[in-house]
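In the two assemblies presented below, chain A is common to both, partnered first by chain B and then by chain C.
Here is the complex of A and B:
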């Protein structure tokens, strides 16, 4: 029955022409979006490689200086990206891609590309994710709204059913047809993923597979919804109006509303205010006292009266103590901020029960590693690197500073002891707990729409009674 | 007497306050043409929709070739063919494409040649076979409808106002096709307002009014009476 329906719909569509134009335009848009996504991903990757290499060279060639001066000299690390970010750049433009690692302070990411863009660019951006999440459902609606409703208006539905066509098979054939057509639009994406699998050193197979799977489910949801409303509503016009209303609410209005509600319930201060809070909490009287206590403990431990009599350079030890003291405050404040952001994210994901758009948006960014959770993974790894770097430099000062007469300096031998920052996203399975709500809401929508389809099929059996 | 192909017993159907069918009983045997007469609102279309399984009767029983559409609607529908007043076809598809599509959707697969033969049997002009149905006259669409019924080899044929709007020659041609189907053993139930065609074609005429069977005339009676006067008498009584 599917083949027969496919052939008939193809003949009908071909002779009508309108849907072919619509489909052609959509594929063109998607190809264009994939191409621009790929280009921007390529240039970003190139920048990551170049900056990482030049930073490493800058670090190694900084010349002779004191270890603590080197700690302030610092390095910049750049967030790597997955090939999937070419399809869904997610929050990348808003989160910042570069972190400065230096002594005494845990910096926030900087160089948000959105800051450098013209405000108008927000409205004009055409990413593959936008096409897949927003435009493709619209296309499914425009192709699918008349599938059963127009048949009802023309009288062919009654004629078909009266001739003994199974309502269930007819519904499934129409829905399958719509789903297969929508899958054709995923083809450029699948080809891109295949290409990136073959050409990339880190293939991200699981992420690519899940990315496609989530979108397949999303397209199936829209195919089911469109076929169901086309089946339940008496006219094609009413089906179109209902579907467009649902589309506008679920893809445009509800996500904005959900985000506003999430940020109102779990408010988040500005980045500048947070940095100011960090400094004010670290540099307090308590810190001065803690350092004095550390000094006294050290002197007691070594049974000496002043730091010059210690068998090491006290300045290095105190610097490391200061770092560890600040790290505890950083951990507390960053954890609180992270908890607030996580709560915001969970609230937003919860709204996925109202619209599958939020679920697919969350899961798409998650698999593309372009969301907040993956940003945190990068920032945490960078912070660990910063702490390791401070430790190596401070301990070097502690162990060698006292041997030099006056001003101690280190060279490339020490700089080389700091390994190059190389961050790789851990296996996606480890991140899954962050997305339980979205996975649940996508499944919920699938089950709900399958049940609604059963209801529509039942109503089809009694076509005249509606 | 053979077992009826279409059997309706004590059928009742209510739409809110309106009682559309009040214990209607009818039967159509193999090779028989039963004309169902009645004024607008008498319950003809409601009866047909119950037969097609599109309406659930409130009471009573229907069987088509022994199958109750209330229990197994798809199998019951596979036993019959239905031709409404306006045969609904896909306007952008040709006659043969429509015939092939409707047949295949009812799980009947034939070769292109076989479908062409069927269209020629129902006397669809050969030049029209591959043209879009949008260009067809009503009579030509009715012929495609008959071809769909022929392809199905249905045991029962249900016609709802089949000759309404047809010119006399098309109506005559249609009547011949119906009679040839009856000769092949198909049980035909024809709801109509066309008293002339009913008297000419039917083996029996059932007159219903306000959802009730008010009279049945067998073939012999039909040869002797003026159907119009009998019909008007009953309708007047019904009013």
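Here is the complex of A and C:
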């Protein structure tokens, strides 16, 4: 049955020519997208390696200076990417990829490349993810809308069913054909993933496998939807109009609306208000009092009346106390802001129940490590590194500052005690709880469409009996 | 006959319950898109207002507490003292450069959510100021705002296609066309009325409602802006109506028309803009910001290492600040000289970014003619004041303000230094050196916004006219063929 259907549909497609042209254009676009994605990923990764190395050298060669001066000198860290970012750069252009780690301040990441782009760039650029998420479903629709509806219009459907063809087999054969054709477009992606597995020192096997699996499910969803509507609706014209309406709603309108609603439901204050709050909460009278109390406690603990009599340099101890005091406030304010942003993410994912586009977009970015959750992982790791840096430098000041005649300075030996920031994305399994809603919505869509397909097959059976 | 055709068409649409559905859809789209973009613009406006209020509040607070400060003999740390020039310059200054959204802002959010619209000014390297941004969910930036331009550029053409793809075709397939010809009608007239009536049901309610909302809620909106908005939307819709007329004139089946029109929409609204963007980025790639950091860091290191040399160079460039100077200068002057040196060293890098962006903009202006969607979007974004032209004007003003602040503080700090105000006696606090914060230069928010260029609209009109001429010729041929058929019958 499958072979016969394949032959018949292939002849039909060849006769019409339109689908072949569209398919050709789509594959060209996908190849071009893969090429540009790979190129931009390579140049980004090269920049990350070069600048990280030069920053490390700069840190080590900063010369003799006080540990606190070195803490202010700080270090810049750059977010690395996974090879999958070549296929789905996700939010990379819309979030800063560089962080400055320095004393007293928890900085936000800086330099969003979208700020250097033209307004025109908001139309989107040609990336493999864009082709797979937006264009490929449209191609499935354009190839698949007449599969059963035209047979019905031409009267061949009745003939087929009357000649003993099983409605279920016919439906499955048509759907499988559509799915197989659409899978052909995944080949360049699969080959790229294979290449990156072989050539990369740190292969992301699980991520690559899931990336491919999610897209296979997504293509299956569109194949099922297209075949089902082609089977349920009386004419090919109606099937086409219905499918195009669904496509426009699910890929263009709903995602935008969903995010706009999410940001309205979980509003977030302006950056200016956040910075003002940060400044007003850290540098307060309470901080001055806390430092005075700390001083008193330290003096009491060591049984001395003056900081000069302490067996260590009090300045270093106070600096570390100040850091820990500020860190608590940073944790509270940054966590509150993050909670609001996470709530926006979750609300958006919830809208995945209305459109599979949101689910695949979320899961695709997640596996490519180019989404907000992975950005947070990087920023959190960088903040931990900043705190560790401050601790090492302040404790060094505390333990050695008092031994120096005059101003205490340290050198490369101390700078070397701070390891190079080498961030690696943890195993994807650890991130899974963040994407439960999207995983559920993709499964929900699959189950719902399989059930709808059963209904369509049942209707075909009724048609056979009529 | 004209009236009969119009009435019949309207009745057909009414029977299919399309009139109400379309009115409802376009009204809801206009309302939701406007309110969403208006809310976004209002939020930005509130932030600008809050920044300006904070700035004024700081001036007033300082004025009110000045007598207390003058009378006090307490020990003040200069970096915490609001009356110390150095404290204000490097840490405490509440001085904002802001770009408030225009009244037309809800028309197209454009890059307004990505580009910075306020800067907290301090005396530090320009490179550290101009890259501040509002921390928002990056996903909302990727997806963009649901605004009027989104509806106009993406959805109105789809609605026009959705309702017009079977114009003439269904009458021809159903045999009504021949009946109408027998009664003295013509295919040209029928197609014209069908397209005009159907598209009017989409475009007119949308434009009326959105214009009404713009006029009533965005109070400062001018007549010219309103007319420009309507003109751009009408020209763009006109192109799609003309394209529909051309496709319908080919006398193919309704399904074929739908497939052709959707392919055109996909090509012109989705694929070509994406290809244009990719080509622009490939032709003139923006330099890497990661490497920019590296250069900035290197420039800062060099300036720090050669701080005495840097200061000497600075005094050479600004001899007015060096008079009476003994050569040994204070920390603040050295810091300003270092900042100046870093900015100078980074000039070449900044020019590289600017040149790349200008080249991209140049290419974008040429390549926009490949897609009517690009033309419409560019014009709407510029009209809304959220395009690059206004942003560049703002950034030029920010730069001028940054220079003015630097000049002010450099000069005042040098004067105070020469008078010995920072160290009036051994071990005592500095004297108040800035008693009125209103003396600090304020940002000029009324920077000139460039005039928008509407020339690309002519291209849209020419395209539409060309398509209509071809469509008319084809339908005329169809008319004459049908007339012959009618005569034979």
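Criterion: the second predicted complex is superposed on the first by the 459 of 466 C-alpha atoms of A that agree within 3 Å, B and C clash if a C-alpha of one lies under 4 Å from a C-alpha of the other, contacts with A are read in each partner's own complex, and residues count from 1 in each chain.
Here, contacts are C-beta pairs under 8 Å (C-beta built on N, C-alpha and C of every residue); 3 or more make two chains touch, one makes a residue touch a chain.
It should be emphasised that the depicted structure is a prediction, and the values quoted were computed from it without experimental measurement.
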item	value
Partner chain(s) touched by A:429 [first = chain B, second = chain C, both, neither]	neither
Chain B versus chain C as contact partner of A:198, first or second or both or neither	neither
Touching partner for A:345 - first (chain B), second (chain C), both, neither	second
Partner chain(s) touched by A:158 [first = chain B, second = chain C, both, neither]	first
Touched partner set for A:50, first chain B, second chain C, both or neither	second
Partner chain(s) touched by A:272 [first = chain B, second = chain C, both, neither]	second
Partner chain(s) touched by A:461 [first = chain B, second = chain C, both, neither]	first
Dominant toucher of chain A (residue count), chain B or chain C	C
Where chain A meets both chain C and chain B, residue numbers	none
Residues of chain A defined as touching chain C within the complex	18, 22, 29, 32-33, 36, 43-44, 47-48, 50-51, 54-55, 58, 76, 78, 90-91, 93-98, 108, 110-126, 130, 134-135, 138, 142, 146, 235-237, 240-241, 244-245, 248, 252-253, 255-257, 259-260, 262-264, 268, 270-276, 337, 341, 344-345, 348, 371-372, 375
Interface residues, chain C side, partner chain A - complex	32, 36, 39, 43, 46-47, 50-51, 54, 110-111, 114-116, 118, 120, 131-146, 150, 154-155, 158, 162, 166, 254-255, 258-259, 262-263, 266, 270-271, 273-278, 280-282, 286, 288-294, 297-298, 301, 353, 356-357, 360-361, 364, 368, 373-374, 377-378, 381, 386-388
Interfacial residue positions of chain A with respect to chain B in the complex	1, 4-5, 7-8, 11-12, 15-16, 154-156, 158-167, 170, 461-465
Of chain B, residues touching chain A in the complex	49, 52-56, 73-75, 77-78, 80-82, 84, 86-93, 97, 101-107, 132, 148, 152
